[in-house]
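Reviewing the structure listed below.
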Amino acid sequence: MIIVLKPHPTPDVVQHVLERIEALGLTPHLSQGVARTIIGVIGDEEKLQVQPLQAIPGVEQVVPILKPFKLASREFHAEDTVIEVKGVRIGGGHLAMIAGPCAIESEAILMEIAAGVKAAGANILRGGAFKPRTSPYSFQGLGEEGLRILRAAGDTYGMPVITEVMDPRQVDLVERYTDLFQVGARNMQNFDLLKEVGRTRTPVLLKRGMSATVKDLLMSAEYILAEGNREVILCERGIRTFEDSTRNTMDLSAVPVAQGLSHLPIIADPSHATGKPDLIPAMARAAVAAGSDGVHIEVHSCPEKALSDGPQALLPEQYARLMEDLRQLAELMGKSIDVCEGVSV
Amino acid sequence: MIIVLKPHPTPDVVQHVLERIEALGLTPHLSQGVARTIIGVIGDEEKLQVQPLQAIPGVEQVVPILKPFKLASREFHAEDTVIEVKGVRIGGGHLAMIAGPCAIESEAILMEIAAGVKAAGANILRGGAFKPRTSPYSFQGLGEEGLRILRAAGDTYGMPVITEVMDPRQVDLVERYTDLFQVGARNMQNFDLLKEVGRTRTPVLLKRGMSATVKDLLMSAEYILAEGNREVILCERGIRTFEDSTRNTMDLSAVPVAQGLSHLPIIADPSHATGKPDLIPAMARAAVAAGSDGVHIEVHSCPEKALSDGPQALLPEQYARLMEDLRQLAELMGKSIDVCEGVSV
Amino acid sequence: MIIVLKPHPTPDVVQHVLERIEALGLTPHLSQGVARTIIGVIGDEEKLQVQPLQAIPGVEQVVPILKPFKLASREFHAEDTVIEVKGVRIGGGHLAMIAGPCAIESEAILMEIAAGVKAAGANILRGGAFKPRTSPYSFQGLGEEGLRILRAAGDTYGMPVITEVMDPRQVDLVERYTDLFQVGARNMQNFDLLKEVGRTRTPVLLKRGMSATVKDLLMSAEYILAEGNREVILCERGIRTFEDSTRNTMDLSAVPVAQGLSHLPIIADPSHATGKPDLIPAMARAAVAAGSDGVHIEVHSCPEKALSDGPQALLPEQYARLMEDLRQLAELMGKSIDVCEGVSV
Amino acid sequence: MIIVLKPHPTPDVVQHVLERIEALGLTPHLSQGVARTIIGVIGDEEKLQVQPLQAIPGVEQVVPILKPFKLASREFHAEDTVIEVKGVRIGGGHLAMIAGPCAIESEAILMEIAAGVKAAGANILRGGAFKPRTSPYSFQGLGEEGLRILRAAGDTYGMPVITEVMDPRQVDLVERYTDLFQVGARNMQNFDLLKEVGRTRTPVLLKRGMSATVKDLLMSAEYILAEGNREVILCERGIRTFEDSTRNTMDLSAVPVAQGLSHLPIIADPSHATGKPDLIPAMARAAVAAGSDGVHIEVHSCPEKALSDGPQALLPEQYARLMEDLRQLAELMGKSIDVCEGVSV
């Protein structure tokens, strides 16, 4: 950590800062330049709280040198983490192809969609039973009945399933039905929820918040890791910007940035990022070419009747064509896509 | 609602859209122009889900005309809502002056701060017992012990108290100690938490999320109102932008925008918005001049030792000077600041 | 255009709006619903200025239906525009591979870099002679001497060249030396410059401004097209957001969005978008996979001694490896990369 | 300047960085900690170019300590700069009240508006003769005829006048008619234009770009100052964010931030920031309360017929009411508003 003092500090100010650093059990190194005095701090930076030092009178700027996350960092764990769910590997060269409807609406519809995406090569089935909707008057999901349907569809088609958990009180319930938890963008900093899923041993797909930096996303992953659950998959799904031709702005740079900082797999979700089916194939290809460890795509057999996010869903046949492209791209990138075991269709 | 079709629609496409609208029990009005065909939809727009119509092939754009919130809207409730907490009124010309430390650290420190802010004219005491911290390794708050201390300080100084609730499981516990709930920016779209506080009859201060528009904020207020709790106070606390000289960008326009759209009171929080004590007085004055229904300011007797957000706290004497300015401004604006009843200091 | 009136308009207000529309030579269509009155406007929307209607008392919202650009739109010109510069085609399945240093520093260095990028497969050579630098104290470019060097390098290696023009007074001078103009992000709305390059017949690479939407970019292209120069190439180079791990946020969705709205080619610039050489290969691959019509990459033989933007430049050998990947990707996408004619190296 | 090396640097890497720093005539100070090696650099930091050091292999981060602007900084010039134009002072406790139409449309209309704003207490008259319009098909201004009308109105009402200059070729022409130049948001980084107005001795109102930080704004001011023109007035006019209920997001924190970093006056423009007349009075009051050195407001006698930006203009009578409020606020803040000399109305 480096502390920059305001111009022309009095000896008292310098002395006070040095004493405060020593009181924290750290060693200060003073350098007095012509224009500025700076103090390097050596020791266990993790113990240190950046902000209190900034509150000391005479301090202009505190520059942290170490990253604020540890378990999520590549410095802590050099190799790519590979997560395996019912034979489907994610990370380290293996792509997760997650597909399914936004919300689970009925057993018949989900079975139809599951059949379609399985045949196209998806290896994880998604579907929402608890839906975070901007409006209290929108469809909020089928709840436990939805979970039951999702499990049944996963079992029928031999696919691991993933579904969103929004409330710490639902973690136990959802865990009984699902193979992976999804924590949505709006809950990326719902720290109680992060701790709760961190206490389970079920892998967690953690979506980036709309105003979260990649570092913020890794700090939220750290909450889960710190509770003992080491199976976290990151997900880029678009950030909020001024551009209004897409629902959000897909920040694909987040993929190589996260892979440089962290060993955790990171996938991309062009459905939520763009909100427009016309753009999804281009952005899904781009995600794989950028090195992402998988793609999350919403598929619905009748988007115009979907109860949630219909307009951003691909039809099963559009998804099948896209999967053709993605398979070729994955091969070119030297990546593999595990086929999920179980009943073949 | 207005539906704009893509250029040169076939009669089949037009027919299909008309049928879908009628199937929803609504009445379509077709206008065929030279360059575009548009369909106006009349009926109970609330029942309608915007998005499915957008998913119909041939539809270019769906333009909603009515606002998606109802109970929060000024059209539904023309007069300003005035919320009263232990004799302190908020809204309708009455300003909430909320002050206190970011986190409750000990009874001695909180009592000292409470004495200071009460003397300066604050009429609500704040303090966090459960803290949403970006890092799992930062101080997370004293929990119930913090709530007990807060209640004691409020009772000692005759001030209503406010504290943050982060987890739906804590709502009952927190309600036993507090006069107002605070729902923080990171939880603005934690819909289960919103529903839970909506089921109580304790007023809720709802902070705007860092990537939420004013309309999103009102939609989240609608969640609370729809559960039956009509006492919601909005709070502008800065949005996330590219500007890095402040912690967030304080969007003071949100104050008159929200007051135009809604009857709910809206206050401003220059502490979190700027993150810098040097900027707080200017922005607190600006907030009152913009018409906000109160100001939320963090005050600490020793910012450099604070366990959370010390660098953005004012000293009690700085707060007292600022309150002088704010009182004069309030008077100029024709607003009043209720003095909280109880033990005077 | 659709005009939405405020709730409960008086007959006078409705009448006044109808008269104003008719005074503009347009035909209004009135629909009075339960909650809102809307007026559809049919006629030559281009003549209409959106904003004055919004200023009429009683008008809540004016919703334009037609796009504000015409010559740039795909509705006006359905086929992809293909631009050819000295045998190198850009657009319509042909990729521009633009490479070279940020600034031209000396003939020796530029020749060395040109040799490297030509050998790697670049088909257009870039280099800046007039540099837009944030600081007046930074290197501002070699001016005309730089242009001369660039021309010499292009001629030596048989490559068309591109360089930035910043000042309308320099357009004639720059045109004498270059094959394509570049208009930089900071000048995307320098309308006098746009008009000036629009009066030439030299193709223009128009970079997206840091706070410009795709539609704004197309409006700026319209300025050039409206002056008679139909050879405009768009360029996505990152927008400004809160994310600080990259210099800007590369918005690759802009590629399919622009291709849907416009017939003009669009390329991507991962060097300026990311500002970090580690991220450039991933984002260049992503750009090609997203369908972009080319990639613009800064290459320098000694980045640590570059006078401008050194840290974001690839070494020639890194660029050569990347071009291998891009060639394979282009082939997979069914695209071709023209080899520039002239002296082979 | 502080250079942070990547973890575990080899001695060769460290040696290479030290040599590069010494080659620049600067003195490195090496500190090797457990987790990171850092190198402090002392000497004339201004000579140093941050970026090349970042390009050296093994360097993780370069942290500049000094601000990149000098002439604009308060460290260089401690007292507030006060600019005086025909008896009207701006800065140092004196407020500029700039008002007038967006575009000059005719002599009759401008005279009518000038009479209104003069009577209300405005002390500088604005009007655009060259208009930067997003669309090439919108009204582009009356050009020199507009300048002549503006001068005539200023002379008639004894008010100094301000108008926008967009093209370096127009600087001489515009200077013949105006008392202050305005450089608009879109041209904040049009460096050739900044240099050209920097060579005159006419004061310049420099508006913040939509994606510019306060530091970027000060760097652009530095361009003007470095050419010898010391009379620069900054202007906050809103930045581009995701919030869509206002045209831009007014960042009033920029006022105290700029006043802390710089001695230059800074005013605020709620007309362009909000784009909505309903919001202008609240935001103008907030600007004065935040300490801004003036307010720039668009006023039109018939907004619904204005050829440019009509919907954001106040009527003269609305402006007069607002000026009443602003005068009282200014008095409360201990500020004065000079009355412009000349013919009284």
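In this document, chain identifiers A, B, C and D correspond to the written order of the chains, with residue numbering beginning at 1 in each.
To be clear about the criterion, a contact is a pair of C-beta atoms (placed from the backbone, for glycine too) under 8 Å apart; a residue touches a chain by one contact, two chains touch by 3 or more.
Just so it is clear, the model here is predicted, and its values are computed rather than measured.
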item	value
Touching both chain A and chain B (chains)	C, D
Cα-superposition angle relating the copies chain C and chain B, to nearest 5°	180
Chain copies touching (chain C, chain D) - same or different residues, decided at half shared	same
Relative to chain A, chain with the most remote C-alpha centre	D
Centroid distance [mean C-alpha coordinates] between chain C and chain B, Å	39
Interchain centroid distance [CA atoms averaged], chain C/chain D, Å	26
Centroid distance [mean C-alpha coordinates] between chain D and chain B, Å	31
Contacts with 2+ other chains: residues of chain B	211, 239-242, 244
Residue ranges of chain A in contact with chain C within the complex	211, 213-215, 239, 241-246, 249-257, 260, 273-274, 278-279, 282-283, 285-291, 328-329, 332
For the chain C and chain B complex, residues of the former touching the latter	2, 4, 7, 29, 31, 33-36, 38, 40, 42, 45, 61, 63, 65-66, 75, 240-242, 244
Residue ranges of chain A in contact with chain B within the complex	20, 46, 49, 51-57, 68-69, 132-139, 166-169, 186-187, 189-192, 195, 209-211, 216, 219, 222-223, 226, 239-240, 303-311, 313
